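These are the structures in question, set out in turn.
Shared chain: subunit A. Partners: subunit B in the first complex, subunit C in the second.
For the complex of A and B:
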């Protein structure tokens, strides 16, 4: 298995094409690294002597110390020459940001890069990419200015994107959504390092607990599946694959050939390698932020606890649409709660604590559900707007969350007054969703990964079991 | 070609109907007796793949005179359909009683290699496109999943008082097909269509293999 650690945690970086001309790619990369990267930084520029107050070198070969990783951001025709120099210098990994290769038909120019990479044993990310953003090491080759983009908080979600522009957008969007990110990699034309290599690397990355993929097309499918199968048992992998509607019709002489569209094949490959497929990018991160917590159900039964009957029913519907099962509460649980709750409380699943529920009623309900064996995870619906539910009820929820060994998902939404309390729940380590459908997808992802981990035993579909002779 | 394709499937342990290729009127009668009545006659030609369209299939024959007449008709229609077709003879196949039909097939993808398909035959595949896929090689678990994944899978469990179909036999065929195409990367496409699935066992009634 290839070690790619020098890309994510280098002790020194050279920026080839560094510049102090505001707005240039070489400027933005230098600026971001200068501000965030604590290691040695070497600007390389054939003309300038000083960049960001650091001595600039004409060639990487002039740098007096060793260089772990280099970023190349110069015009495409000159990339192979500087890559050769990186090879001679003993650089371990190079991120080639420059475009102008196979994506515009320059296949020979790209082949030359691969040849040099093999000759020196140098690993390449790109070309035609925006490289790496690592929230822990400070490596940031994304040439977007902090004047126009906010970077997300630290978290455990890794995002690998075939599209550089989309990777940039996700960084900004996750910052707004308060989603924590460990690292983002845009790998562009992936002449050397591809999805499979990165997935393999992330298996050992202590900071990443979920892998999200944005895929347009995979070149070596079997290798990708092998890597994903290996990793997904430990780290959940989610994928968003575009091109769903692309016609798969091919000239085929068999029935099978005419039905084997591209999308259905990806779908199968994802299933076989235990990758959970997302419907859109919101869905991708909805699932990721539940998985990131690292607590998985031990039963596939889902319990719903609510103070809003309608939302409870909608959530039950949404769970069923995702193929999930409502937990069957034990007689013990029901009896215990029946004794403690007023008559108007519906003691079943969904459990409707009704509109006058207070934090005490939530506490009793939650504690009982945590003890019930068939309950694998709990969706807690919090309509914080009602008079009896004080805003400090979030503290009660968070206190129970701390001792809970079952995943809890919060369904809550609100305006300006409620939002700070929802944020408090998030900061206390809970995933919060604004709609039943989105909360149900989070539950789906948790159950799915628990099955892959082997925590939940999946039985073959009953019907087929009956048919089996 | 159909007959060879079935010989290969047979070699991999997949059940196929009793059949032979006749090149004369004497042979067609002799083989008909050997495979047992009723029989089906189909043209054996690498150039004619969609035999029904060519009028080159005649079903349910039990009498000698009908068989001879059908033999002549199949040859004549085939020559009319494609005068340059390479005709190797006429397949004489034992006609099995109608059963639940499924299709098991393989296609090859540039990125993932061989993919296996499963679906119920007839309108389920042709109109509803109710099929499932897995990348080859598959494991037993994958095969069961493929079957349970199609919307119409309950048809196999016996509806309206029918006996349930032998799902295990289908899984067995799927695993054998997966093994076959893994052994032979040059297989571009494969169709076992239909496969008859009975209360006990399953038989590949027609087979098509396309090689690079």
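For the complex of A and C:
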């Protein structure tokens, strides 16, 4: 397994094609690195002398110190020459942002890059990519301006994307969705570093606890499956694969030249290598949000606790449609709760605490479910709009979460007034979902990974009737 | 067809059980009506003399003027007596908020209400419901406090819900999602007014252009289907039906006592009465948002225009999975655009304008698609995070929208910086979706309704592989 650490945690970076022309790619890369990267930064530009207040060099060979990693953002015909110079300089890794290679039919030009990379033992990400966003080390070659996108908070989810534009969108979207990200990598034409290498690297990255993939087509399937199989026992891997239909496959071929392949082959490959397939990008990150907590069920029985009956019904539906099972509460649990709860409470699964439930009723219910052996995980539905649940009910949930060894998933949604409640639950370490179906998908991912880990001993059930979109 | 206008547009309302005890149901109803309802308001309370500064009466019979509609929010055992008084007073419609009837086994108590309603010819909504929220007339019997929920902006979507709690959640959630609502009705045990009556009423309501339903179980199926079939040719009807699985059906029976019935029967009934079935509540309102615009396709060919290839691929997939067809662009369209666009633009469907597309390129592309006969509707994907699309690109889209007779759906997502762009598109009358799959579902709903209207002549294709959750 190759070490790619110099891409994510270099001591020094050279930006070849750095610029102080606002809006240019070389400007945005320099600006982001200048603001976020704490190591040495060397702008390389044949014309300018000072860029962002730093001395600029005509060639990377002129840089007086060692350079770990270089980013190349110059016109395609000149890339091979500067790559050769990177080789001579002893640079370990190069991100080639420039486009204009095999994606437009320039195959020889691209082959030349691979030849140089082998000659000097340089690893290459790209070409035709937007590179790396590492939320911990500050490496950021994503050349979208901070005037147009926001970056997400630190977290444990890594995202590897064949599409650069989509990677950019996901960074901005996760910032709004309050989803924590460790790394995003767009690897473009992947002439050298590919999904398999990145998965292997992330296995050892202490900041990454879930790996999400966006794939249009895999070239070296065997290597990818081996890596995924090795890694997914420890770190869950989720994949969104497009080009599933005829229309989609045709579009993918015009986009990244990917041969999307028969979708059924991908389905089977994902299954064999324990990759959980996402139906769409919300689904991808919904599942990742639950998995990143690192708490997995020991039983495949799911309990639903609710103060809104209708949402309980919809959640029960969604669980069954994901091939999951409602936990059978023990006689002991039922007897105990029947004695403590008013008659109108439905002591069953779903457990309907009814509309006037307060934090005390939730506490009694939750504690009983945590003790019940058949309950592997709990979906807690909170209709926070009712007068009996105030902000301190959130504290109650969080206090129980702290002592719980079972995963808890929150279903809660609402407007401006309720959102702070939901944020408090998230900040307390709980994954929160706005709908029954999305909460159920998170439960599906947790049970699925627990089976892969060997914590739950049963067949991985296919999700029944779950959409493939 | 019965007239229910007095429920939605009464001149006067009596609140039986009105109260000035903060937090009580009678307080919240009075408070919301006091703030929002411009007509006469009469609090009825056996003890208090002044409520919200208004003289309170011991009985509705003491009210000196005519009362169109009454809301009853007192303990169940006393409801029949006050209902009798409403009858004597000549009240036309009564919303019985109080619970404690058939849902807890008190069937005789409930039968008594129906008897009185027939005796006096009073129409009843409820019991055991939260009643009506009419965003235009100010009738609001939803007894959730404005301290806990926000109400949505005015719009053209009506929502009928068997679950009161869910109706409350939807009001709050649509406020955040910027979805416009005309009416929300929760009808609880529906001893008199049911889904069929409400659908019939909304047919003539000029503010309602789409009807959304949340159903756990239908009792009088034939009447419902007849009403739906009649109405859905003019006003699209969407339904979310829970209790689809064994687990869900069991939960529904504990919740509203509904016999969920075989799901396949509902599927068939919905199909026969041209009801579009939603997979979940996001899906329900995603489709409604597109339908409320009232512009429907004349061809079932869908065109995709994008500056992000990956999103184009995902959208093509999602369309095909919804049984939709990508439009075949005419040779004329292709030739014209090939001449005007740089070589890197993919002149096909999806049409990939590539990452450096500006508003001019969108304008040329859109105009050509609007002229192409096989294009019935257009999904416009805007990766607004790129430097070449600024706020005035939104103006360009809106300008074209104004002269377009084809529906346009926007796919755009992002964080804090991009959100104002999306809001501007929405305020300009376009439906905006955050993901390819959600935009494709909106397209599905538009084509589906156009077939029901008779504007597109083809079989209604089942959505292929689309999830049932």
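Just so we're on the same page, the second predicted complex is superposed on the first by the 443 of 469 C-alpha atoms of A that agree within 3 Å, B and C clash if a C-alpha of one lies under 4 Å from a C-alpha of the other, contacts with A are read in each partner's own complex, and residues count from 1 in each chain.
Just so it is clear, a contact is a pair of C-beta atoms (placed from the backbone, for glycine too) under 8 Å apart; a residue touches a chain by one contact, two chains touch by 3 or more.
It should be emphasised that the depicted structure is a prediction, and the values quoted were computed from it without experimental measurement.
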Touching partner for A:254 - first (subunit B), second (subunit C), both, neither: both
Which superposed partner A:168 touches (first subunit B, second subunit C, both, neither): second
Partner touching more residues of subunit A, whether subunit B or subunit C: C
First, second, both or neither for A:222, with subunit B first and subunit C second: first
Subunit B versus subunit C as contact partner of A:188, first or second or both or neither: neither
Contacts of A:131 with subunit B and subunit C, given as first, second, both or neither: neither
Subunit B versus subunit C as contact partner of A:10, first or second or both or neither: neither
Which superposed partner A:268 touches (first subunit B, second subunit C, both, neither): first
Set intersection of subunit A contacts, subunit C complex versus subunit B complex: 252, 254-256, 466-469
Touching residues on subunit C, where the partner in the complex is subunit A: 23, 104, 144-145, 147-150, 161-163, 165-166, 168-169, 172-173, 175-176, 214, 216, 242-248, 250-252, 254-256, 279-282, 307-314, 316-322, 326, 344, 346, 348, 350, 352, 355, 383-387, 413-419, 434-437, 440, 465-469
Subunit A contact footprint on subunit B (complex, rising order): 49, 103, 105-107, 109, 111-113, 115, 117, 119, 125-126, 129, 131-135, 138, 142, 144-145, 147-148, 153-154, 156-158, 164-169, 188-191, 193, 200, 208, 210
Subunit A residues touching subunit B - in the complex, by the definition given at the top: 217-222, 225, 252-257, 259-260, 262, 264-265, 267-269, 271-272, 460-461, 463-464, 466-469
